[in-house]
């Protein structure tokens, strides 16, 4: 039987490259086409030597495929995807263009008028842990942002159980591949190495995405989310530390609260193939190169604070790996197909 | 005129080494004695080649000095310092043994009964920005912890002005030299590199120190502080991101609030030689090797949150450099003597 | 049909851990036993969270297996392996104990009398590119050292073709995982980060291994090898830069020599599944996490020097991955089984 | 007495920035002018926050100075310097434009016709260890390249003593700041981190510089130099490992040769303020931020090879610090003025 043909639009960024890495070793699909602007016409392996086993030329236009991943920049992506859907091609969009349900937010956060507000309603936010069955049934998945993946998975069980009703602080720490492959002083090795800094203090585009998904879990409360991303001198990984006051009375008192919290998280993620509750604070390095999200829920009885931590590889669970998970769901394949790598450690 | 003779007890840790580096180039004092246990009897430069210009042997016992720095571990330090004070030697203690005013907290946080509770009252918490005149007048300075230095300097102006009344989240990100020179898996390059993790979720020993100093600034409110330290793959630097809800009505509305906040910080630190308010989020790398604390106060009008950021070199402003600052005050020297290095960048 | 049962003796070092990672995902064998001294009795995933999918307890004694990997330290390994062989268990030894054919060299380089000189003759040096058929036929493989793997693969085609007859300089640059998991100041993050240094200038134990294999390729000349290893601030990877004067007349003159050299290398490694000749100087990062050796042969006509470069992941091609390759050969499996990972880049 | 006024042309590269750092703290000169193209008109501290203590605006044209440092790119630098010299301004050129005595080499290695071959003869190669008195007497110093500084200082005593007569291999390992501040994929953190590679295998522009100075030391022999630079994942530092066969009979046999070699090096550099002979292999980290060159000469009796190692901070001894050393000589100041920093370690 012929394998499902898949393609990657704009393979030349880090999410696109990571998709190529994963899809080239996926046993049930065939990567038949990759596109890119600057590098069009060149062999994929000539531009990206670590992919030299993949025998493809970077094309300017996608060949015929059954399912396409779009790794285009936001705004461009929506425009490029609509014709694909019209041709009956399933699409997983790595960009932000179909993540937000409220079209007005694209004007506010991304500065453009969304070309297809009605598609926003059909698109499914591609977080399998929250929307598994919708993903399996849709033609268009909006793959979550890297920061939202870490933040939502850290917080979802607590928000869902009503442990949090007021404000949340999300302090996220990302490796520098999250800043993309485009050259800026921010990503110059000599300037980024041995440095840590916060950015986007006036609000980061991933904030509405986090807010949308968490309020879906607990619609009766509007929770204010203060989200601050940081860049650290490492290549991959996002550690998210989320803080929120525990709603009084929701957990047992003292040390018992910790056990209840841990149980609540274990139950929420019981059958999830890619989420693990860890006994000690999560390390980003334990997810290096694989699709796991390691979650560690903690409670500080002195201050009544929940401290909810997650670790992911921003390019795998935070982008390409989760996209392949979505693809598996859309194609009716076992969810972990092609995604069973052990983290490369140390 | 003879220079003031100074010595370092336990030079072999990173704070001790950094003291040796700074004191060896200080124009008004002479480093005449350094002690250490494991390396006693060896030339300082033989064990630590970067200090080979300092012609001293590591001794097992401190020679005659006018002022001593103790870089001993906590608990040992108190015991070692008391006889020095009895002999009229001024002491700057790098350990935690005289930082907390409430002796019972030593039992709670450090697990030992403090040997001299009355000395706790005489000791001065060595943060010049808060206790300048007391430092100049005392014989015993308790040099602040590295995390408290970053946290207190980020928060002090806001707490002092009554902008914060309820809870504070302090998310601190430290380079690995903060974990000390002792060998552990935590500091193994292969395990620490490309990793980020949180630790001490049940409470870190620096928490009571932060709480003590901030409540002194605003005694009428008891503020709950959730402090979580993190280790990042860099050698030096602490970035502190502190979050607190702004007390309504304390600042103008909207964008104006940002200007007011910045002005309030600029006023608080107006004459401070080592604190700078930065226009963009502080970078740890801009303090590499020097005694500056770079503070960036921000306000998010969407959520009403203050986001207060500071960057320091944990071994300089967070330890040895600040200790030299204290020494300058105790000796009546200009405050910046020996501390005017420009950050080594990149 | 039952899978071949394999085990790892001393799983707790980096080579052992990497074997566990690879074997746990190998489709044709079952990892049934892992041993370790300090951690015996604990679940593998409790000590090494990135391996928590492997449901094994670290044992003090190896269970019944068909093939064993020994990751014991040298000297101990020989003693532990002999009884296994007596019981008909195939063995791949990661230590140095069976790599050298001349027993007297164990006295000289390792400081012990080899317990079984006759086994040295039966053991096969496990470099498939040189000894494929012998590996397939033996019960005991001596897996090459990490530095020799890089050095020999960089030099073998040139030595074999008689291009080199006098002296060779091998300048090797290794990531810090090569120094092992044992704690030393050398591997402390704060000391190793942002540092580069050479070591073992009086001769490194991997030197006789390199010499043995290269002289086998060209027995008529005795080539003096100056081998100097260096440690760099990265976790994985060995870049080897080997220098040798070209024997005059062996290649065409000028630029043509470069093409001939490249062709000679391409021919030598034509059917090798894990060696690639690269068009530009090899990057260690292009082998991160996989079993490739990237070789770049160059010639400088100004000086008449060959510059022969290779890049490997020291824990995969330089240790565990190559051991799995050997296992595949010994078990008659397709050589690339379980080893087809694409490098994790960036 | 008025201080000597100095200026920096093109302050915006890493050598320029490092000059600004050092000159701003130099007690005998005043930094009165800095120029730059892209950033002209902006405050120096606004563009480079670590220099915010320097109260200067980046100008498009140099103000009146007594001595100028040119950090312009090669080719531009020569053109910019000639008018300064005509106006009686002393110049230290950080570029390569006056380093080579043979004008034809500019055509060969840099691809341009040198505008002033006669100035090449007047310019002094600014390595104080070799040309101290000429530097003190000249108006134009050509500051050495970073790689040549490490290579020449490692090799000079041995070449000078006639220990080396045939070929030399220079394997240099540089931190990434050596690649400059200009943005390229080579310096992108995500691509450079955890990577090591060689480059310029066909010949690097620093090769003729090394050859020129070494042949001056031993004109009767023409030594072939194979120089290969490498980039490593660190910000600062160059480790140079140079290899050469010892001319037989030049040193005592066996272990004694090592002592003789060490003594020869100690004698050669006896009164040098910035060169140290180390007992163990040099570490780049022991020079971080200061002007030292740490040299470790070794001899391997097995192979008869000299292994000559040096470590420098590429931006200090390899560029700006050495330039300040030259300035001190030109101005008749004590050589170490403004250059006595202890390395920042760890």
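Going by the order they are written in, the chains are A, B, C and D; count residues from 1 in each one.
Convention: a residue touches a chain if its C-beta (ideal position, glycine included) is under 8 Å from a C-beta of that chain, and two chains touch if they have at least 3 such contacts.
Everything numeric in this text was worked out from a predicted model, so none of it was measured.
Compared on C-beta pairs in contact, B-D and C-D come out with C-D as the pair having more. Greatest centre-to-centre distance from chain B is found for C, with centres as Cα means.
Chain centres here are Cα averages; for chain C and chain D they lie 38 Å apart. Chain geometry summary: the mean Cα position of chain B and that of chain C are 46 Å apart. Shown for chain C are the residues in touch with two or more other chains, namely 14, 175, 177, 190, 193-194, 233-236, 283, 285, 288, 346. Residues of chain C touching chain D in their complex: 167, 169, 171, 173, 175, 190-191, 193-199, 201-203, 224-226, 228, 230, 232-237, 239, 241, 243, 245, 281-285, 288, 298, 300, 302-305, 307, 309, 311, 346. Taken in their complex, chain B has these residues touching chain C: 14, 175-177, 181, 183-185, 187-190, 192-194, 233-235. Every residue of chain C that touches chain A in the complex is listed here, in rising order: 14, 17, 21, 24-25, 48-53, 177, 194, 235-236, 276, 278, 283, 285-286, 288-289, 294, 340-346.
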